[in-house]
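There are two complexes below, and they share chain A, which is joined by chain B in the first and by chain C in the second.
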Partner chain A sequence: MKIVLDRPRCEGHGLCEEAAPELMHLDDDGELVLVREEIGEADAAAARAAVRVCPVAALRLT
Partner chain B sequence: MTARIRRVVVVGNGIAGLTAADSLRDAGFDGELTIVGDEPHPAYSRPALSKALLLGGGDLSAHELPPATHGAEELLGVRASGLDVERRLVRLADGTALPYDRLVIATGSRARRLSELPGEFTLRGLDDALALRDRLAGRPDVAVVGGGPLGMEIASACLASGCRVTLVSQGPPLIEHLGPYLSEVFAEAARERGLTIVETAAARLEPGVRVRLAEGGVVEAGLVVSAVGDVPNTEWLAGSGLTGGGALRVCSRGLVRPDIAAAGDLAAYGKRRVPLWNSAIEQARVAAAALLRGDEAPPLRFRPYFWTEQFGLSLKAVGELPVRGEPEYVEGGPAGAGLMRWSHGDGSGTAVALNHRIPIPRLRRAAA
Partner chain C sequence: MTDSAPVSDIDLFDDQVLVDPYPAYAALRDLGGVVRLPANDVYALTRYEVIRGALGDWETFSSEGAIGFNPMVNQALTGTSLASDPPAHTRLRAALTANLSPRALRGLKAGIEAKADALVGKLLAQGSFEAVDALARALPLEVVADLIGFTGRARDNMLRWGQAAMQVIGPMNRRTAESFPIAGELYEWCSTVTAEDLTPGSVGRGIFEAEARGEIPPGTAGHIIHQYLGAGVDTTIASIGNLVALFAAHPDQLALVREDPSLIPAAFNEVLRYWAPLHAWGRRVTRDVEIDGVRVPAGAKVAILFGAGNRDPRHYEDPDAFLVRRNPVDHLSFGYGPHGCAGQGLARLEAHAVIGALARRVERLVAGTEVRVPANVTRSIEELPVLEVIPV
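Right, the complex of A and B next:
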């Protein structure tokens, strides 16, 4: 499973970081940084929660 | 206990219903899951409707969410019409009866209207937003009734679409939601962009459609949009004994009773409804866990997050709103972008970022 960021859509709310702090965070400029894009089973629930909480659907799982 | 739960029905396919269904699966529920939605559309992002989607050149997919992964049977375009809590049956308007072992009620709320006039527009659902967007393309003069966040976002989008816009507000816009300091900041930005603000004690609509002010004046416009609050969609529960109308009271885990949970805009924790995006999600997670695990599941911890985009201003806030008095500036200064904090008597605070890109975890730390 891979997590994909649609950067132009991202508004920097950071709700995803709150849902999955091990997988992503916003940097000092408020830009989202994916710690890793390939997601294993262990992180799948956190990744799904991060995708779901984004109000502008900037994240997707493929 | 989980082994005996074979069928869960989720009524409502907004973000609360969708998240409840996801959370049931994440918690290991692998039985029969059915989700009922009265709109024909897949679940979408409601905050986007009054922001990016409404703008003429805006992104027509701004409201779209990633496809659902819960694998539920989706019954869309059909309304729930009744609930029998003794026989554990949800009745649908098309005559279907859905049996359940556990039920999630997430039918949300609808726009409160000022009249029955067909010319009164409201903005609550996707179809409302698309209809409004179509009307704005003709550049009508617009009157927006309601000075809350939704009314102001609509007014902002109408102005950006090239319309002349009058906002009719009970008192200064946003004052009840954000307090006097931020109300002034937003009203000034709105006026600079050409918004006419009319304050009134009360307004009603007359055929035409015209806005009649309590003080005697009339606002005429080609298009009248009201944004005067929401009404919980609980009429279908009238015969269930769960509610006497209005919001649905839940416990600290989102349960109405051990086999029924509620989440989202219709749920009242005590007397408190929190009709916000992230709260609907948090409520749905808590409620799904409580349905499966009862008192072992954690209670809800309210962490409301509010944001709005209008008149060139982007505001993000955590902590209690409205705020009184002047803020202290953590970053930036008055009349510009920055991070503000209001301190409350109990040591907690409200942090507000204005045109300042900041992730929520940092905003929460600023408020703490």
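Right, the complex of A and C next:
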């Protein structure tokens, strides 16, 4: 499973970071950084939660 | 196998429905995820998953010429990000959010918290106050005026203009007809405003500078200013009025926030879920589509009922209870997807600051009866007397 970020659509609301702090965070400029894009079973629930809370649908799982 | 939609004689813009839409929402949700309403010539989307699905699918549920419920307002909104689809929408949205995204707003947090804390502290010291004028309106008007750089005539008219800009999104009823001239004043002002009319160093001045540098198309700065005022004032006022009323009615929930301030964002999510500031918002279906087992024909007008989805028992357990700990991060009140509320970061800064200030200082607010006045699109409290303050 892979997390895909639609970067132009991301506005840095940061709700994904709260849902999955171990997978992603906003950097000092407020740009989203994906710690890793390939997601194993252990992180699947957190990844799905992050995708779910993005208010502008900038994240998806493939 | 698809069927035609169930039909209801409910009128979404009837005075009684506008003041308390929740019984109508429940009746419509029980009929189906999509219900045809001949009174409004729309298909209403009522259940959580149906609404979330529609908000995420701009190709099927178009905003172009479709967000309002009368042709005049849809004509007037042509060319705004609100009423356009990608790819045009993508560029307009970027210009709108450049100064409004959470990353652009990060520097404002401390200032907004200080403003909210000073205002809440002053009102609580009075012992009794009218919470809508003195707090729910006062804070967003000050924050938005300072941010965009409104002074003089624009500052004096922000509340009237903001209310009218929302009202005219409704069908062509008396409220809409009376509000068009006022919305027209805002439109007129925005079409003639220049950089010099806005405070130096403000975001509004910055938008004109971006236009001068060619970063946004010529003539669009006024449109963006229009959207900041038209979309950002009335809705934030509604949210803050709602949160004061809900915490006055539920002191146990305020106590939870006081004991654990990390619940402040969750508390605001629950306020927004429980009472959606926006009642109905339009889309147009671009193709014959099956929604929740029901066939909706190409060209049909859709009314998205955010508040109905927010109380859908298929998605939220015990949906009619106000419970801050449920933290409904996926509530529908900011919309979702490409048109998700562009100002939600600013709304959160303001509301979180007010919730924090109340939770720190107040054991209980004793409120009188709230006054509600029917409005086409924004559901908000008109007057909320706080009769007594019981401090921590």
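Things worth noting here:
We take it that the second predicted complex is superposed on the first by the 62 of 62 C-alpha atoms of A that agree within 3 Å, B and C clash if a C-alpha of one lies under 4 Å from a C-alpha of the other, contacts with A are read in each partner's own complex, and residues count from 1 in each chain.
Criterion: a residue touches a chain if its C-beta (ideal position, glycine included) is under 8 Å from a C-beta of that chain, and two chains touch if they have at least 3 such contacts.
Since the model is a prediction, treat every value here as computed from it, not as a measurement.
Contacts of A:Gly30 after superposition on the shared chain: both chain B and chain C are touched. In the superposition on chain A, contact is made by A:Ala57 with both chain B and chain C. In the superposed model, A:Leu5 makes contact with neither chain B nor chain C. Contact with chain B, but none with chain C, is seen for A:Ala45 once the two complexes are overlaid on the shared chain. Look at A:Gly14: by the touch rule set out above, it reaches both chain B and chain C. Overlap of the chain B and chain C interfaces on chain A: residues 12-15, 18, 26, 29-30, 52-53, 55-57. Remark: chain B residues 18-19, 22, 26, 45, 47-48, 52, 62, 64-66, 69, 277-278, 281, 305, 307, 316, 357-363 touch chain A in the complex. Those residues of chain A that touch chain C in the shared complex are 8-9, 11-15, 18-19, 26, 29-31, 52-53, 55-57.
Per the touch definition, chain C reaches chain A in the complex via residues 56, 90, 94, 97, 101-104, 106, 265, 329-330, 334-338, 340-342, 344-345. On chain A, the positions that touch chain B within their shared complex are 12-15, 17-18, 21, 25-26, 29-30, 45, 48-49, 51-53, 55-57, 59-61.
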